[in-house]
Structures are given as structure tokens and as C-alpha cells.
Amino acid sequence: MHMPIVAFLGLGAIGTPMARHLARVDWGLRVWNRTAVRASEFATKHAAHGVTHATTPAAAARGADVVITCFPVSSDVESLLDGPDGVLAGLARGATLVDCTSGDPATSKRIAARLAERGVGYLDAPVSGGVLGAEGGTLTVMVGGDSATLEKVRPVLEAFGKKIVHCGAIGTGDAVKAVNNALLAMHLWSTAEGLATLTSAGVDPAVALDVINTSSGRSNASMNLFPERVLTRAFPRTFRLALLDKDVGIAAQVAREQRIPSPLIQLTAELYQAAHRALGEEADHVEVVKWVEQLTGTVIEKR
Amino acid sequence: MHMPIVAFLGLGAIGTPMARHLARVDWGLRVWNRTAVRASEFATKHAAHGVTHATTPAAAARGADVVITCFPVSSDVESLLDGPDGVLAGLARGATLVDCTSGDPATSKRIAARLAERGVGYLDAPVSGGVLGAEGGTLTVMVGGDSATLEKVRPVLEAFGKKIVHCGAIGTGDAVKAVNNALLAMHLWSTAEGLATLTSAGVDPAVALDVINTSSGRSNASMNLFPERVLTRAFPRTFRLALLDKDVGIAAQVAREQRIPSPLIQLTAELYQAAHRALGEEADHVEVVKWVEQLTGTVIEKR
Amino acid sequence: MHMPIVAFLGLGAIGTPMARHLARVDWGLRVWNRTAVRASEFATKHAAHGVTHATTPAAAARGADVVITCFPVSSDVESLLDGPDGVLAGLARGATLVDCTSGDPATSKRIAARLAERGVGYLDAPVSGGVLGAEGGTLTVMVGGDSATLEKVRPVLEAFGKKIVHCGAIGTGDAVKAVNNALLAMHLWSTAEGLATLTSAGVDPAVALDVINTSSGRSNASMNLFPERVLTRAFPRTFRLALLDKDVGIAAQVAREQRIPSPLIQLTAELYQAAHRALGEEADHVEVVKWVEQLTGTVIEKR
Amino acid sequence: MHMPIVAFLGLGAIGTPMARHLARVDWGLRVWNRTAVRASEFATKHAAHGVTHATTPAAAARGADVVITCFPVSSDVESLLDGPDGVLAGLARGATLVDCTSGDPATSKRIAARLAERGVGYLDAPVSGGVLGAEGGTLTVMVGGDSATLEKVRPVLEAFGKKIVHCGAIGTGDAVKAVNNALLAMHLWSTAEGLATLTSAGVDPAVALDVINTSSGRSNASMNLFPERVLTRAFPRTFRLALLDKDVGIAAQVAREQRIPSPLIQLTAELYQAAHRALGEEADHVEVVKWVEQLTGTVIEKR
């Protein structure tokens, strides 16, 4: 592979540090962002590496070997495809679109089919690791799509990803990411129910967590999120509940499409939908615990 | 505290190695077991440490400072209290009964009340750590009851427990243990649902687990039980599903008594009840995954 | 049976019209109520029929052949048994206590056991039909207990009950009543979910109900409660949500005791517990629909 | 409207008696069926009314004013549209396709959009009333689509429908039907759980049903299906569980699309999916009770 030309669309909280890693490789990165000032500032800041600011998705994609997209939801990507300024207007045969959005498999398959008609490859490639992982270049990248396509773009993905995992056909990267996040959502809620119960029964939740975290009931939620964010009442806003709700919904939809009876996933999808509606668009995902507290009349804080 | 005389009732898979640790302290341990031969063999084996075999619970308790019970369910303990051979017939004022059964708070409170009438102390003190923890003397002991009573018997508990945690009033040790195990049960099932979904969507569950276990959806179930027992199809029998079902039921009951809306715990209690009925008394707890597989028409094995 | 002497304890919304029917039979009815003025007024009003006001439960029970209790919950009845003024102090061997409370089987069995020690019979005999049925003397009475005991008191029950159904052993009257009310609770909620969905999809809920009520999805809830109370936004307060929550909880508990996997009953118990907490003690049971509306962002009203 | 020419596609258990009513109006009915012999026999039998047998969907649709489709699922209809023999090849501008399938709104909208491009109208018009209603010409028809289109074809619908209800825009007929059937599914299951609990507690389920059916917990399921089909163990095969599962799935999907938290509908969808998988394609919908019996270890039969 010659030195690829890379375009990056979507300079959000995760996308920006990802793009920063790409910039450092001197790939002649072009960036585009809906709020244009973020892209122009990014380009200015990384001008020494030859980063430029594209004014339209089409301009970013034109001549690029790899176009990376990173948005809140799949429909954001789909909506950038068409029109004279759209990605499709710029993409050349042989290019690859790598969608790092935590997307849904159905939309990914639709996008892939449209690109395939034009001889453009597609990978769904959502990432996990959060802002810290993006900044450290240590993201896990879950890839769905053709393995030959993956090998072609692997060096690009390695700029920001420490672990690149080929999950299967198109949509499976999305599916794995959605299931992982659904597990996070379930464990957050299950631990909240358990600690609300114990708190109400007179147990200090810090004591209960201390036991659980050396026992069989522990999870990432109990080991990290509850001690650092709930007991302390810190609830920093790092990942929106709205997006976790969306992810659980994707996992629930995949399970339905696969005809997999999945009562816990489906019930969790309902609980998050209700919590999201109750807490609004800006709440952090861990704030779902506050809704459990409200429903149960408890406060899960250190005594 | 003078060198206490200790009695141990219930030489099961967990109780036997716990008693072994007590024997080593030369406390003049007396042991009793429903199947008497296990107790007599144990006494013979540890005769050098002065261990003796009691033929009745009353005989074991007579003159003992601390009586430790370790049975499958609280009602086993309750049923040993009465009659001429019962624990109550032997226990002296000032003694303490420490129940290491994974019990239910309601029964623990009833037992404690009956003992209190006779001036006998009570602690519910279920343990976690499994057979390995019992053999290594590294159990976590969750204690409910009076803290002065706990301090009195702490040296005895330290013979087998590495971490002794005072949870609160009588019944809270049981409650913490039940909630921990309910979390284990939920995470086992949630991970099974997620992996069944991904398997059906064409993802190798080993690949999915590899991603989840470096991401936010990980839990003790996903990190240990699935790789070692499910993907390998080993399903060793270490902890019966019947007992985990019982534990989830206790957590569900505590939540109901506390009037804590807890949809995930309650639904999990139903799922385990159904699985327990379908798989029988001897199935291991991780075999619940086989029932999820049956319901979903999948097999979660390495490709 | 000679003309029996009857005592009635609990002159609430249902109890008062029930007692009125008993008064008319000239049985020398004695009435007692916690708020004494209600009982004295009742006695004054029905003095022509020989009704008298007892100042204590013991006085009401003394010499009575049949003591009828009618309270919100079983523990109310249990709390009236003891002490110098308690029912037990007045009840004579051979008498029968008929508890028309919508009670729970466990408490009923405890009460029955205590009465049996004194040679007093017991029936759990909750009623359905509401205030209108009580006023019309057309209640359905669900009876648990010995059939010989039932036959002895049947003439008394027929004063207010049109349909007297022997359900089985002690506690089964309570169980049947609880399950009936749990079905009501489930159908109320299921219909609310369905109509919220259709309303959100642009269907007039009155049109949807019109179809459902001539189709297979109809229930008492859809045929009566939604057209009369929800679409009209009338929400009259006839039966407290707090009591329906209690009833679903009893049904859920019986299912658990019987080891019957029952995901819909158990989940409904959680939903009502949460709704009860959110809407408070005075809300009517049909107002649970308002909580569904709040969770779903809809209003189920005629367009 | 001149005397319309009507085509009928899909001579199944419901479609055949519907077509019979249309035949009687001497509309020059054309019928088509995948298994051709059913259509040719139907045409022969009703030849006196001018009924003819079309050998392809295109032939049936050619020149027809109204094409009625009646299939198990929407995708059956969608699959008949294309190709030289497809419905689209025959349909003329100004015609109307009335889909009496119990379909899903998303597919209905896709079909409607394709027809609209050709100037062909579309109504989703699922029916309720079962085989008996179809034979008696007393079906309820739930119509989604333009009201002018409905008025144009109303005389045709009145040949088999007693109650024609305009529900709203395209897809709302499907949605109302799906929600009705989801309510049926929920009430079947809820009543099964309740009766399994009572049976296990020693109550004759016939006695319990007798009470429930005069009380607030009654539903179509408890009043008709349980007495006639379950207690008698008759379980006649009138409506396949596979189709009810599909309907609950549609209701669940509509709720998700509308972002309506609906825990009971979603959990019911999972339970029916599992039951469908366990009982197979031929089981009747009421046989779901047999699966509840299996899960709970009970038999709901008259004693």
C-alpha cells in the first residue's frame, strides 16, 4: 500500500483525539466537521503535518484512499452520503470508508451496499476505550466486513487502535460493540438494584461494594464506575446516557432480528429508554443510577 | 478471650476445609455432620489436634464458646435447634452461634431471636471464595450482627477468613452474600444472551469475549466463567445451580421486603427458577448457559 | 344453627355496606371500628335492628358465633388479636372468625393456627365486586378453609354475597383474590402500553379501544376502565393503587412460594411498586395509567 | 363507483371465506393462490358468479380496480410485487391494493411508496374475527391509509366486514391489529401464570376461572379460551402460535420505533419467541399454555 491519503469526518470527543493520532503519521490528513470551525482549528494546529480542512464531505473524500467517519449514530453517516457535497460525490472506486460510529448493523449493511455499487469498500469499525483510549491511541477497534479490506486499511487503524479485532461480516463490528455496551448497561443497572436493596436494608454501600469487588458478583461497573462516580456522587459527564440507550436498543434489535429470546437485554432496553426520557439528553450514562435511586427511594452514597 | 472451644456443624464441600483450618489451631474442635461417618473420619484424621466427633448437635454445642454452622440453606440450621439432641439443648449462656450458611435474613432473625432469649449470641456469616478459598483459608466472611459479638469471635473467623467484613445488623451478612450472588447470576445470564445473539449473527464467541473482556461490558462471569467453562464446554460442577437459584431468590425477597423496585433482579429470579426446574438438582450454576442455548437455538463454543 | 350472633369489625368503604346487609337480618349485630364514631353512628342508625356498638374488639367478639373482619391488609387483623381488648380475649370455643380482608395466605395461616389452638374456626373470605357489589349485596366471596366451617357460616355470608365459592384450604381464598387482582393490574398496564404505542403512532385511542373491545385483546380493563375512566380523564377514586399494589405483591409472593416461574406477574409487581411510590397513597388504581403516560410521553385521551 | 373488478390473492383459512363473500356479489372476481389447485377449485365452485382463476398475480391484477391480498406476513405480499408475473406488472394507475394480511407497518409503508410511484393506492387492512368471522362476513377491518381511498373501496370491504374502522395513516391498521393481538398474547400468558400458581396452591382452576370471570381480572382469554380449550384439554388448532408470535413481535417493534417504554409487551415478545421455538410451527396459539405448564410443572385442568 502506498502512503494512503486519509480523510476524517466527525471531530467529536472521540473523533478529535483519533484524528490527532492520524495527523502525526503525515498522511496528508483532511478533516471535515459539521461545525466547520472545529475542523479549521484542527487543521491549523496540525498544519505542520500537512493536515487540511475540507469544506464539504465530498471535498474530504475526493482522492482519499480511506475515509473515516465517527458520529453519534449511523443515520448521521447515511445522511452525509448524498448530494453534490456528499461523500459519494467524492469517493473514488477502490477507496474504503471506515465507519467508527457505534452504529447499527442494518444501516451499515445499507451503506455498504450503496458503496459496493460504486466499487468502494466498507468496514464498520466502532471503537471502545473512551476518550482516554482515544487520546492514548489504545482503542479497541471492532471490525465488520471483508478481511482483505481490513488488511488494506489496517495500518491506518493502528494509528489509533491498539487492538484491531475482525468480528465477521459487515455489521458484526457494530453488533459486538452494541452487545458490549448492553452488558455495561445491564451491569450498571443490576448493581444499582443490588446496592439500593442493601442500602435500604441498612448496609453501607461502600462496604457492600468492597465485598462484591472481591467476590463473584463483580463487574467493570462495580469495580470502576460505582466507587469512582456513584459513591463519590461525582457523576462526571463522559458518555451520554442517550448514546448508551441507543446502543442497548441496537443490541436489542440485533437479538430480535436473530430471533434470540433475550429477556434481560430487552427489559434493559426498556429501562434505559424510560431513564433517558426522564433524565434528558445531557445526562451521563452513570446517572442512570440516579433514576434507580429515585424509583427506589434510596441514595447510594458512602456513609 | 480464653482459648475458645469451637464446634463445627456441617462438613460439606466448603465446611470441611473450613473446619480443617480450625483444627490446626488446637482449639479442641468438635465436629458434627448429618452423615456421621464424615465427622468421625475427620476427627480421626485430625486427632493429633484434639479434634473429637460429636454424635449430636447438642453434644457438639455443650460447653462450646463458638458453634459454627455451615449448611445449604437456613432452614437446615433452624431444624437442628430443637429437641433433646438439638443445638439449643447444648448451648450455654454466653456462647455464640456463627452461621456460615448462605442463608436468608428472615430465618437468621428468627434464629437470633430464639438464641437471644437464652443469652446466646448470633452472627450470620456467609462466606465467599468457593472451595479454593476455603482450602486456602482466604474466604471473605460477610458478617451480620452485633459488632461486640463479632469482635469476640473474630480470632475464630480469622482461622479460615482473610477478609472479615461487618455488614450491619443481623441478616445483613446474608443480604450482602445474596446480592453478590444475584449479580453473578445476572451477569452469567446477560453475557449468555449477548453471546448467543452474536453467535447467531456469525461472530465467534471467543472473539466477542476477547473484545468484551478488554472493554466496559466485562464482569467476573465474562472474564472467568465463559472462557474457562463455557467456550471449552467443560462445565465442571463446582457450585450447584439449585443453590444459586436459592440465592437469587433470597436477594429478590430482600428487595421485596425493602420495597425496592428491582425488575432485573426479579426477572432473573424467574429465569433461574425455570432453569433450575429444567436442569435439575445436580446441574452446576454455569450450566444455566446451556438452558439459554436451548432457548435460543445456539451453542456458545469456540469455532 | 340457631340464630347466630354476628360481630363486624372494620367499617370501611366495603365493610360498611356489608354490615348494613347483616344488620337487616336482625342478628343482633355488634360493630366495632378503629375510629369509634363510625361504629357508634352505624349502631344508632340501625338500632331498630338491634345493632350495638362494641368499644373493643374483645367486646364485639364476646359471645359472638361469627366475627367478620374487613381491613386493608392481613396485618391489621393480626394486630387486633392480642391484649385484654383483643379479639382472642372475647372469642369463645366453637366460634368462627371470617376474614373478608384481601389478605395474604401466610398471615391467614398464622391467624388460623392461633385460633385453632383455642377451638375457634377460621375462614379467609375476601370479596370482589367493589363498593357497588357491597351495596347491592352481590359480592363474590372467595373462601379458604374447612368446608364444614364454611357450611356453618354460609347463611351469614349470603347476607352480602351472591356467589360464595369454596376455593380450598386456608389461604386459597386470599390467593384467588390476589391472582384476580394481579390479572386486573396486568391488563390495566398492558392496555396502557398498547394504547400509548398506538396513540404515539397517530391512532385515536378511542378508535383503537373500539376495535380491541370487539376483538380478542379485550379485557375488563379495556371494556370498562379505559372508556369510562381514562379516555374521559375522570379517574374517580374507587380503589386505591396502594391496595392493588399490595394485591399484586401477594400474588407474586404466592407464586414464589409455590416455585412457579411467573415473569409477567413478577414484573408487574415491580411496575406497580414503582408506580405506587411515584403516585402516592391516595392515587386510584386506574391512575397507574397516568404513570405509564408519564414514562412514555403520551396522553391516552379521546381526540 | 362503477361495478368494481376485484382480484383476491391468498386463499388460506381466512382468505377463502372472505373471497366467498366477494364471489357472491358477482364482481367478476379473479382469484390467485400459490398452490394453484385451490384457486382453480374455488373458481370452478363459484363459476356461476363469474369467478375466474388467474395463473399469476399479474394476471389477477390486470384490469382490476381492487386487488386484495391476504397472507401470513407482509413479506409474502412484498415478494409478489416484482417480476413479469408480479402484481406490479398487472396493476393499472388508479387501482387500489388492499392488504388484509396482519402485516407490519414498516413493510406496508414500503409497499405503499412503491405503489404510489405508479399511481396505485394502498390500504393496510388486517381483519379480526377469525375463521368464524370470515365465514359469517362479520369481520372487523382495521384500515390504515388515505380516507378517500378507503371510501372508494368501502363497498368491497363491506362484503366481508361488518365493522370497517379507519385507524389513521398507512401502517396504523397493522399497528392496531398487532397491539390487539399482543394484548391477547399477554392475557393468555398472564392468566396461565395465575392459574398455574393457584393450581399449585391447591385450587381447582375451574373454580378459580369461575371467580375471575365474574370479577375484575377477566379477559377474552379467561372467558373463552381457558374454559373451552385449556380446561377441556381440547386445544383445537385455529390460529398458529407462530403467527401470534409474529404479531407480538410487530407490536413490540412499533413500540420501539415510537420510543414507548413497554416492558410488558417486550417481555411478552420474548416469552412467545421462546415458546414458538419450543413448540414448533404447527402449534396453536393457546398451546402456549402448555409451555407455561411445562415451565411451572403444573397442569391446568378441571379436577
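Order of writing sets the labels: A, B, C and D. Residues in every chain begin at 1.
One rule holds in what follows: a contact is a pair of C-beta atoms (placed from the backbone, for glycine too) under 8 Å apart; a residue touches a chain by one contact, two chains touch by 3 or more.
A quick note: this is a predicted structure, and the numbers were derived from the prediction, not measured.
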item	value
Same or different contact residues where chain D meets its copy chain A, judged by the half mark	same
Equivalent-chain rotation between chain B and chain A, CA atoms, steps of 5 degrees	180
Geometric centre distance via CA averages, chain D-chain C, whole Å	39
Cα-centroid distance, chain B relative to chain D, in whole angstrom	52
Per-residue multi-chain contacts in chain C, two or more chains	259, 261-263, 267, 271, 274, 277, 295-297
In the complex with chain B, residue positions of chain C that touch it	249, 252-253, 256, 259, 261-263, 266-267, 269-271, 273-274, 277
Touch list for chain C against partner chain D, complex	105, 128-130, 140, 142, 163, 165-169, 171-172, 175-176, 179-184, 186-187, 189-191, 193-198, 200-204, 207-208, 210-212, 214-220, 222, 251, 254-255, 258-265, 267-268, 271, 295-298
Sites on chain C touched by chain A in the complex	263, 267, 274, 277-278, 295-297
